[in-house]
Amino acid sequence: MRYVIIGNGAAAIGAVEGIRSNDNESEIILISKEDYNSYSKPQLYKMLNQDNIEGILYRNKEFYSDNNVSTIFGKNLKSVDFNKKILSLDDENIKYDKLLIATGAKANVPQIKGFDGQIYSFTNIEEALSLKQSLSNKNKIAVLGGGLIGVKLSEYLIKMGKEVFLIVSSKGVLSSLGDEKISEILNNEIMENGINLLLSSKVLSAKKEGSKIELKLDKDKITCDAIVSCKGVSPEVSPFEKTELEINRGIKVDDHMRTNIEDVFAAGDVTEVYNYLEDSYCNIPILPNAYSGGHCAGINMSGGESKIDTVYPMNSLQIFNVQIITMGLLNSTEKDEVLSFLDSEKKVYRKLVIRNGKLIGAALLGDIDRAGILNNIIRNNLDISSVKEELLYNKINFYVLPKDMREDIVKSYTEVIK
Amino acid sequence: MILNCKGLNHTEINKSIRKAIQNGEKEIVMNNVNGQGYLFAGVKNGIKAIINGVPGNDLGGMMDGPSLFVNANIQDCVGNTMNNGKIVVHGDAGDILGYAMRGGKIFVKGKVGYRCGIHMKAFGEKIPVIVIGEDAGDFLGEYMASGIIVVLCKNKSTLDSNYLGVGMHGGAIYIRGNIEENNLGKGVAISSLDDWDKNFLTNILDEYSTDMNSKEKYDLNSFVKLSPLNSRPFQRLYSY
Amino acid sequence: MKRRIFCDEDFCIGCRLCEVHCTVKHSKSGDIILAYKFENDKEPSRMTFEQKEYICGSIVCMNCKDPLCIKACSMGAIKIEDGTVILDNERCVGCWMCVMVCPFGAIKRGDNKAFKCDHCHTDEIPVCVLNCPNKALKYEVD
Amino acid sequence: MNKFPREKDISGCSIFGLINTDGEKVSGSVITDAISVMHDRANGLGGGFSGYGIYPDYPDDYAFHLFFDSVKAKEETEELINKHFLIEYDEKIRTDNSVNLPNKPLLWRYFVKNRNILSKDSEREETFKAVMDINNNIEGAYVISSGKNMGVFKGVGYPEDISKFYRLEDYSGYIWTAHGRFPTNTPGWWGGAHPFGLLDWTIVHNGEISSYDTNRRYLEMYGYRCNLVTDTEVITYLFDFLVRKNNLPLPLASKILASPMWADIDRMEEKKRELLKALRMTYAGALLTGPFSVILGFENGLMGLGDRLKLRPLLVGKNDNTVYISSEECAIRKICPDLDSVYRPKGGEPALFMLDGKYV
Amino acid sequence: MSNIIPEFNVDKNEDRCIKCKVCVRQCSEGVFKYFDEFDLIRIYNDKCIGCHRCEMMCPTDALTITKNTALYKENSHWSSYTINSIKKQAETGGMILTGSGNDKAYVSYWDKMLLDASQVTNPPIDPLREPMELRTYLGKKPEKVILKEENGDISLETKLAPQIKLETPIMFSAMSYGSISLNACESLASAASKLGTFYNTGEGGLHKKLYKYGKNTIGQVASGRFGVDTEYLDTCAAIEIKIGQGAKPGIGGHLPGEKVTVEISETRMIPSGTDAISPAPHHDIYSIEDLKQLICLIKEATNYEKPVFVKIAAVHNSAAIASGIVRAGADVIVIDGFRGGTGAAPSVIRDNTGMPIEIALAVIDQRLRDESIRNEVSIVAAGGIRSSADAVKAMALGADAVYIATAALIAMGCTLCQKCYKGKCNWGLTTQDPVLTRRLNPAIGSEKLTNLVTSWNLEIKEILGSMGINAIEALRGNRLRLRGIGLTELESKILGIEHAGM
């Protein structure tokens, strides 16, 4: 049996660990176009102020040898013949018995009218290193996009002493989280920390003026030294575009991480999975999902049985000194009950979105302790009508939950040993 | 089934009753009963019995279901700690009727003696009821914790016994006629009937009249209600 | 090897001695009075005591069958060692992904890093269990 | 002299018994020979014998053996006897006064019949009451045996001296028991010697029971007066109570006195278990604990019984139609060197031998 | 302003205190209060009842509770207790309530009796290696066993009255669900079942959770008749009619409303929050023949399948009453001496009424023997049995078995602060407050009780062995194995024992 994994992110690592929990013997080949050991994408910012990759490695260096994984780093996948089960790389062909596609996502880099210079992006090591290199002689940076990468990058840049223009097309940062209050609080936080935040702004065009770049927005005009695009990511599906693999917003997988092709699995940012909260297939590029999907795929590839947990968005982030955790659906509809609580002084905010008595989304800002209790309530579709007030106003507390619910939770996660 | 109780002692009669129940009898007529006690003690079954003659003490003690129709007077301690069932008496009753009664009904056509309904209890839907046709002796409903006693005072204008409801801390006693304060036990209050009371009385008195083969109707406005003043009438007896 | 510590909430009396002993156990000196009165950097307890009216209990890491924290950790800092879910303090960067997913709320936030119960896995019986005066904390090991 | 000691009498002893199951009689000298072998088990403060079949002339009369301290006591006793019984014959018990024994009482025997014709049970109950009456109520008088065609001979001295004193070689019987005593206190009173007799029951006993007061207070509920404060007395009464008054067969009575352990009872088949459970529960006050071995003589048999932990010695020897029960084998070998068999009964297992040759 | 001086001093050693606030959280009386803004634990001595919970829970032993030695200038006639009582009564106008048994300095005859042991003439027995039987059957024994013989096969003709089997002659005395917590009840029930003995429900009925221990349960029927229904009668192995209680002869039970929670209210069928009254008399028993009537009713209602106990307080004519009880048909008679506990009693009654169990037991046993009816009934002695030695002495005086309750409570944590009636027991025993009841984990309670009785069993066997006795029935009434020490001739006579040296 030969397992082949394309990709080296959390999903790929999860798959290796999943396979090895069942099968210690068979060959695993891991192919990555990057020439690095697996690293933590959410920690990529750190590459801006440190020299080597050590600090953000996702697993220790011995991971591949310990798990008896052969690696092929720095090679691109050209094409796949799913019938013959053959992968064509730059200079070799590899046969697989079971294949996992975990190619992840790539940055969306927009075209700017009138600009032919480099637009940096920030989704992998190469991009990070290239940005870092160019920053040494650049002081004014325009960051396009108020999503997680844009905001976090801006925070790093300002801490490095740069002048930052954060250009956001919506009314607030992190609007994708779906909570206006959080956006509002963060807008302030960002501005208080010296970032030039330009909201509801669109880049119309840009022009290179020597080493400077003139950026024309719909309302403003700014001059900067570099442009970094942080307009999100898309699944890396290019090698499969002409194959019979079913792809929508990503490679479509079922709850066992199987694609429509036998012996081909996919996991991580490249996939779209069923999100019961939305009742549709979604691409949710976050690390826990990637690892879990990979792990699940690994088990199923190696003859075990595993079903992916319910998948929905969740985020834990810190912007300057503001802690935020969001999960589930925060874009409420009319039929949902929305409870929120705000203590502006202590910078504590909490919001619960409840549908038919069940929690479908929650946002916590400030006091994020024990957020996992809420997360579990969403994951397991539990009815919290009797305790919603307490969950909103008090410290989140396991003992707030009704007794039988607590007992079920304990039962479902743990096993009686003796 | 007809059981001639002449010459039988209480154990023999109870054995026959238990056997009859085992044989699936639904009704038992007991003739020539005289003084045998403990009849139907602890019996758990919905059997109906017609008792001819004076049964002994503790009739229906700890009983849990049977319906007994007695065509005579009854003696003391009838319905002692009775849990469920019914005792209908076409005559008078002695002392301590329905001691600590927990459920079921006792209907008496005539008078009852002292300490009727002492320690009566109830919980939730399970409410014991005693209905007395004529008058009741002193200490009616003593220590009553719950349950209901009704006194119809058919032979007189009101009940003039003493220490009525003394120490009661729950339940209610309905009496036809006006009660004087000096007849009341400590910690008991007189009030008039509310809708719940009236509704309850209407139903129970209909059932009573049916069992007594009478067509009599009662004017509910002529009743007063005795209930505890305070759920803890003796709280201040102690210094902690 | 498997381990589980759990609190029988019917018998948790809310004394919070488990927290005291946990703190002492993870202190430098290991002595209760020194730890509390003289050690400035005493480690806070890894227990989370919670209460609602008279119902209370101490939450510790339950060593889940399939720990969500391991899957969520962005740094691969959490792993199972010796039957125990262990958080590697060196690797932790304080991203709070584990806090976000732990269904019991058993992972606590320190200044920059998360920390959690280690089941005193080098001891025969965890100190909190050993010192629970009402045997509300129970320890299972196999 | 104080007839009834306050303090419990404690003694160590030798015991011996024999029965000819065919009813052939042997002389009293035979048993004297046997008991004297165990001389060192006694200390000279008590010895005695009982013989069955020794009064062929008065087989149907109760033979009362009495100790009197005074003539007055004798007169009062005779008055009492006369009230209930017809005295067929009475005499001073014949003795050899050359034997030097201390504190000799006046020894007398009466052969009496009930005045009324009664059933055997009531006759025996009447006699029992009369004996209790004399022993409790007449100062200076004590009935030492009261059965038919049997008698107890005992006193303060070594058994061989007592035998000589009573001229035991003159008597012959088919059952004999003998006792040599080692009391730790010195009551010096003849009544305290063994065998202890009531009706035709006689007991010789070795050991001391720890349950004494439980047994005594139990018996006293049923008309027994344990004035002698000896285990022997209590054991005799217990046999009388269980066998005569409660109609229990001797082997079952033995299972009450030396009951099997509960754990053993629990393991028995149901019928037997329920029986023994009922016996043990009902007659709990009759359970003897502590060390004892006894030989019980009665009108038609002899039984040896040891305590349930087997703390005292007891063995049985058989030769033809004669069975011997003894504390030590040497005593048997002295009078019957060649035995067909010798065995040691288990603790609590009665060794019962009946006159007709049947044994259990 | 209150004029009552605090009974206790609560000393906190500041060098040891780590401000973990366990004391604050554990004291139900509110002796400790923590002030966050000052980081201070404030102590209110006047609230301390001397239960020592804080002292035992403090992880650094920083707390010491001492008696307030400066409490009034006592003299031998006017004790601090007396002075305080007068002050309290002057303030409230109420009777002084107290908990537990009589604690006054009356003679304890247990302490004036010595046990006999065997030396040489009869030997002691090694209880660890030789069989030693503690099994006891309680119930009426027949006058004699009648046998029947079929084909030489002997079997039992007599049908025995119902009996209960005890593997140890120690049972747990009546403490009602209500007076003690359900966890305490469950501890007792589960220990009784592990030990092969019995516990007594008291007059509070039986919680459904305890039905599974029915085979080891004695159900009490008291004047309030709480929880008495057919299911209760069917579930319990024996039924006890409570006439009196040693701690308060002639006084009824009174469960204060604070302890009548919803669950109690369901079990007792009374409104929650009201006082549960179990008055002194059963109102159907005003004469001995009425007792017979109630015994008979219970027997009829239980189809003659269960032994009926009758429990009385030890009073001065107990012997005559006991005789009447036997003749009224009781299978077991329970005598409760004045050291027996109570959750609440007016202290004037507790301290001045009744008598020691030793004396009552001695005279009752003798009286029943004098009347030749001792075998018709089993005697259970209760009230102040503190140790296996007390139990052995009781059995030597004539008891078949003993009941313990105070000792059982102590095993479960009680420190005899005697404030049971407040319903705030810090040990989770005599309380219904859910914050406090959880302090007794029945698994622990049951284990401690089991350990206690197991150790007493060992000691009893050791004592029996020393006496050369190997079955408990051979100890029963064996007064010869008891000797008085420091007793007057009259006391010896009443106890029916000789003085040491006799």
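Some observations on this one:
We just call them A, B, C, D and E in the order they show up, numbering each chain from 1.
Note that a contact is a pair of C-beta atoms (placed from the backbone, for glycine too) under 8 Å apart; a residue touches a chain by one contact, two chains touch by 3 or more.
Only a predicted model underlies this, so the values are computations on that prediction, with no experimental measurement involved.
Of the two chain pairs examined here, C-E and A-C, the one linked by more C-beta pairs in contact is A-C.
In terms of the distance between Cα centroids, chain C is separated most widely from D.
The chain with its C-alpha centre at the largest distance from the centre of chain B is A. Distance from the chain C centre to the chain D centre is 79 Å, each centre being the mean of its Cα atoms. Annotation: 43 Å between the Cα-based centres of chain C and chain E. Centre-to-centre separation between chain A and chain C, using Cα means, comes to 29 Å. Distance between chain B and chain D, defined via averaged C-alpha coordinates, is recorded as 67 Å.
Not a single residue position of chain B touches two or more of the other chains.
Contacting chain pairs (ordered by label): A-C, B-E, C-E, D-E. Only residues 88-89, 91-97, 221, 223-226, 228-230, 233, 254, 256-257, 265-266, 268-271, 273-277, 279, 283-284, 293-294, 296-298, 300-304, 346, 421-422 of chain E touch chain B when the two sit together in their complex.
Those residues of chain C that touch chain E in the shared complex are 8, 10-17, 19-21, 32-33, 36-37, 54, 131, 133-136. Across the complex, chain E meets chain D through its residues 118, 121-123, 125, 130-131, 133, 135, 137, 141-142, 144-147, 154-156, 158, 160, 163, 369, 372, 374-375, 467-471, 473-481, 502.
Across the complex, chain D meets chain E through its residues 6-8, 10-12, 184, 207-218, 220-222, 245-249, 252, 259, 261-263, 271, 274-275, 278-285, 287-291, 308-309, 311.
Residues 2-4, 6, 9, 48, 50-52, 55-57, 59, 62-66, 68, 71-72, 74-76, 93-105, 107-109, 140-142 of chain C touch chain A in their complex.
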